[in-house]
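All chains are identified by letter, namely A, B, C and D, in their written order; residue positions are counted from 1 within each chain.
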Amino acid sequence: MSAIRCHQLSLAIGKRQLLSNISLELPGNKLSVLLGPSGSGKTSFLRVLNRLHDDTAGARVSGELTLSLSGQTIHPYHHGTDPVWLRRRVGMVFQHPNLLPGSIGHNLRLPVQLVKNPPRAELAQRIEAALREAQLWDEVCMRLDAPAASLSGGQQQRLCLARALILQPEILLLDEPTVSLDTQASSDIEALITSLKCRYTLVMVSHNPVQAKRLADKIIVFRDGSLVDS
Amino acid sequence: MHRKPVAAAFSGLLALTISLPVLAADIDVFKGLSGKLDIAGGTAHIPVVQDIARQVSKSNPAIRISVTGGGSGVGVQKVGEGLVDIGSTGRKVSAEEIARYQLKPFHFALDGVAVAVHPSNPVKDISLEQLRDVFSGKTSNWKALGGADAPIHRYGRDEASATREVFVGKVLGKDTAPAAKTTLVSSNGAAKSAIARDKGAIGYLGMGMLDQSIKPLSVGGHAPTQQNALSGDYPIVRGLYFNTKGEPAALPAAFLRYLKTNEGQAIIRNHGYIPAF
Amino acid sequence: MSERLLATAAAFAGGIAACAVFAILALLLWLGLPLWRDPALLISLAGSSWNPAAGEIGLASMAAGTLLLAASALLLAYPCGLLLALSTLGLAPRPLAAAMRTLLALLSGIPTVVYAFVSVWLLVPWLRDSLGLGMGYSWLAAALTLGVMLTPTVALLLSGALSPTFTRLQAAGDALGLSRVQLLLWVVLPAERRALLSALLLSSGRAVGDTLIALMVSGNAIWLPANPTEPLRTLTAHIAITLAADTQSQAYAAIYAASLLLLAYVALVHFLTASLSDESAHRH
Amino acid sequence: MNPRTVIERTVVALSTLLAAAFAGLLLLILGFLLMGAWPALNGRLLFGDAPAWPALSGQVPVWDGLWPALAGSLMLVTLAIGIALPLSIAAGIHQAEYARGRRGRLAYTLVDLLAGMPSIVMGLTGFMLILLLRNILPEANTSLLLAACCVALLVLPYLVQATRVSLHQLPAELRLSAQALGLSQSQAILHVYLPAASPGILSGCILAIGRALEDVAVILLTGVVAETGLPGSLFDKFEALPFFIMVTAAEYRDEAQLARAFAAALLLMSLSALLFATARQLQKRSLS
């Protein structure tokens, strides 16, 4: 069953055509890797999936996109779809760790409180669960109040992952999550991603064919805003 | 009597202290009253009002008196618009002003407008004609007045000032415009401190403001004393007024009544003015 | 719901902030109605003779006084500010440059009234008694005071505007073997011509808007000074002085016109600055 | 010598000279004020002859002391910032996050114009408004409240600009991640953007406090007086330090009062130095 399906999907910002006529299907609970040189449209495509281009001036998306979330078919770009609601179901991790200013705990607490507002007792559980899932719990459980910026690069990226996971998304978008990390931290993240793919639909952008081959269930290659047949 | 003589000040103070036990009733005109009394306007009045405010605050802390200057124009404007309770002026308010704002003037003291120079200036006397020439800009060197060969530095007041109005009216008359090149200061006090610091200065201010830091000139041979002002020998004289909009309310009325008491008159005298009662 | 609430509250506050200018403008225009209706008065406004008793309410000498004072103060403040900005950027040795920035910030934080006060007690007597330059209260005294007051502000403004470019080009300059002063003078300054100009405009707005120094130090004579040792009167000081007049009088009405003149100047400066930054935005 | 070299050397020499001159100027001002203020720098400076504690709360009137002016200034600044801050943060949010296109640009322009407005014009407007208001509400008068409102209007544009600029300068990644987390716009603004922008807003706020503290032209017309003691309510007239300095510079009654004006200038300078130090500390903390 495919979790993400698009047909003739195009994106233009102003006069620049970033994506043209993308048609593809990505499988659920699998890891799909988007591959291609920089500027080929991988990241733009990823951001189309959670409507992150909405606030970009002059951005236009055309074509068809459907996501399958909890067995329901969702049309992200239909009028009735709330982008905020969509983004809560489709989590995202960026190239560089995008931490909120504040402590480690704050980075997890703030989104979950604002989005789900669980009772206090459950909040701590959720934080622990997300940190365990991101394999960070043992390293930070004693210092949740420390500034998030005091973590190492790899830890920060796992914190971002935990922050996405704590909202219990079904689809997780990963935009070159290992690009700013050293070899050891990269392989930690890769192992983590592999362990997540049975529970989430993962879409990852990568510019490294070796990494893609190592991890992917499906590989999509982009060039100049279009798909390359693989 | 060139300056406010120490003796007079002393006797005023003495009168005040001696009279205190006997006239303890004077300040009682404020008894039982409370609230605020805002006074603004003529700058010659400020020392008098400040003194009274201190007396009142000692005996009746429930009364709050605020005082600020700005000039007589401000006094008329603010009391007319109802922004303050009493507007003080260094001149009689005009019939037009009375009609427009329903002002009720209260004449409480007489003040001469003195002409003063720096203490080091050798000039002692000036005639009305010479004064006119100086302030209209015709004369601009002290040599013409028997002083050193140095330029005359004119200090005047802005248009809101009654001191200016009286001085210009009595000295220059209607047809002569005051010299444009006159440094303008904002109060009687400011005129005094400016003259005291400038060797070439000449300026005018209320007689009550005179002290040893500046040297008053006699005009046409008449020394600028309040006695000469009262007798009419000294030519430039004006009245000091407190004006209310309509009949004064309880607190302003008490203030005006207090001025008439011995204690109030002592304060007026103490600041170099002659009570008009 | 809270979405709407925040958007509405923000829009409301934004509206208040934006409408304030219109409100002030409308109020001044409306209050000045008697002036605009009377052609004779309007003509008199443009004249240079101020004698309200005779119906003459000319603002020309005050307008000229404002321009003279602002221009001369900037003549002092702008070059000094520029030199000081350069010295904080890199001409001074590093620890000294940091101390300089602190000094400039401290100086720019000194209240205007303190500058004016010190000037009344220090500069004015010095000009009058030691140098024998007239009465002391003068165009010169006010220009010096205003210039000294503006200098640190100009310096901070310029160093803020120049420092990104300087930092960006520093490595390249070092690689080319340029000294700091060479990099600043021949590369950074020409590249930031517009920033230099807009800082000048911005500080001219401050110079024109100052009331206190003009009021306390310039002597306030209604008179166009023939040389800097003579007193002058600015529009702002004129407003402050004339406020004491009868609110219904023509003299009072003239201060609405004076206020509008000042506003017109502020608007002119703003639009010049805006057009500068627009053009530079287009170029990049 | 190459003419360029001459220019370079002149610039270096002049800038060093100027730096020294301005350092000297600060010392000169400080020394001069200190000398003038010396006779007044004693236990009686703030409260005159009044006992300190009762005078502090206004139970006993203070004559010949700076306390009423200092307290008046502090009350004025607190009130003005209290009025301006919420309003201008909301307006700044509107301009940075909601207002777009032509209307957004117009809003910027108007606030920038307000920032350039001479303060005396602001004061005149406040005064005329109260005269008009008196037609409807005869009790309205120039007072602490009116002055605070006008001063709030004076500092409003600085605060709006500070809020707007700090929000604009937030890194794009922060916005993306807040959105990717599924925060609604208002949630992102209130819980992510505003906290992240707060150092910038705070330093704008300190600048605004400095402006409010030193202003004379606005309060001149809207409620400040030469002598009244502590204001008993928002509707009373009040004293203020800068106004006291201005008036006393011209019309001091005796040397003691003049010395107090010097001391007041020194006090005002210390207050602004204190503000500056606070701003420094905040900047350091936000950097770390």
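Throughout what follows, a residue touches a chain if its C-beta (ideal position, glycine included) is under 8 Å from a C-beta of that chain, and two chains touch if they have at least 3 such contacts.
The shown structure was predicted, so the numbers you read here are calculated from the model rather than taken from an experiment.
In summary, the chains found to touch both chain A and chain C are D. Interface comparison, A-D versus C-D: the higher number of contacting C-beta pairs is recorded for C-D. On a Cα centroid basis, the chain most remote from chain B in this structure is A. The central chain of the assembly on a C-alpha centroid basis is D. Rounded to a whole number, the gap between the C-alpha centres of chain A and chain D is 46 angstrom.
Distance from the chain C centre to the chain D centre is 17 Å, each centre being the mean of its Cα atoms.
One finds 82 Å separating the Cα centroids of chain A and chain B.
Each chain gets one centre point, the mean of its Cα atoms, and the points for chain B and chain D are 36 Å apart.
The multi-chain contact residues of chain D, meaning those touching 2 or more other chains, are 131, 184-185, 250.
In chain C, 243, 247 are the positions where the chain touches two or more neighbouring chains simultaneously. Those chain pairs judged to touch are A-D, B-C, B-D, C-D. Chain C meets chain B in the complex at residues 51-52, 125, 128-129, 134-137, 219-223, 230-231, 241-248, 251. Considering their complex, residues 2-3, 5-7, 9-14, 16-24, 27-28, 31, 80, 83-84, 86-87, 91-92, 96, 100, 103-107, 109-114, 116-118, 120-122, 148, 151-152, 179, 181-182, 185-186, 205, 208-212, 216, 236, 239-240, 243, 247, 255, 259, 262-263, 266-267, 269-270, 274 of chain C touch chain D. Interface residues of chain B facing chain C in the complex, by the touch rule stated above, are 70-71, 73-74, 76-77, 81, 97, 100, 151, 153, 158-160, 177, 180-184, 186, 197-201.
Across the complex, chain B is touched by residues 59-61, 63, 130-131, 134, 138, 141-142, 224-229, 232, 236-237, 247, 250-253 of chain D. Residues of chain A touching chain D in their complex: 50, 52, 55, 84-89, 91-92, 94, 96, 98, 100-102, 110-111, 114-115, 160, 163-164, 167, 173.
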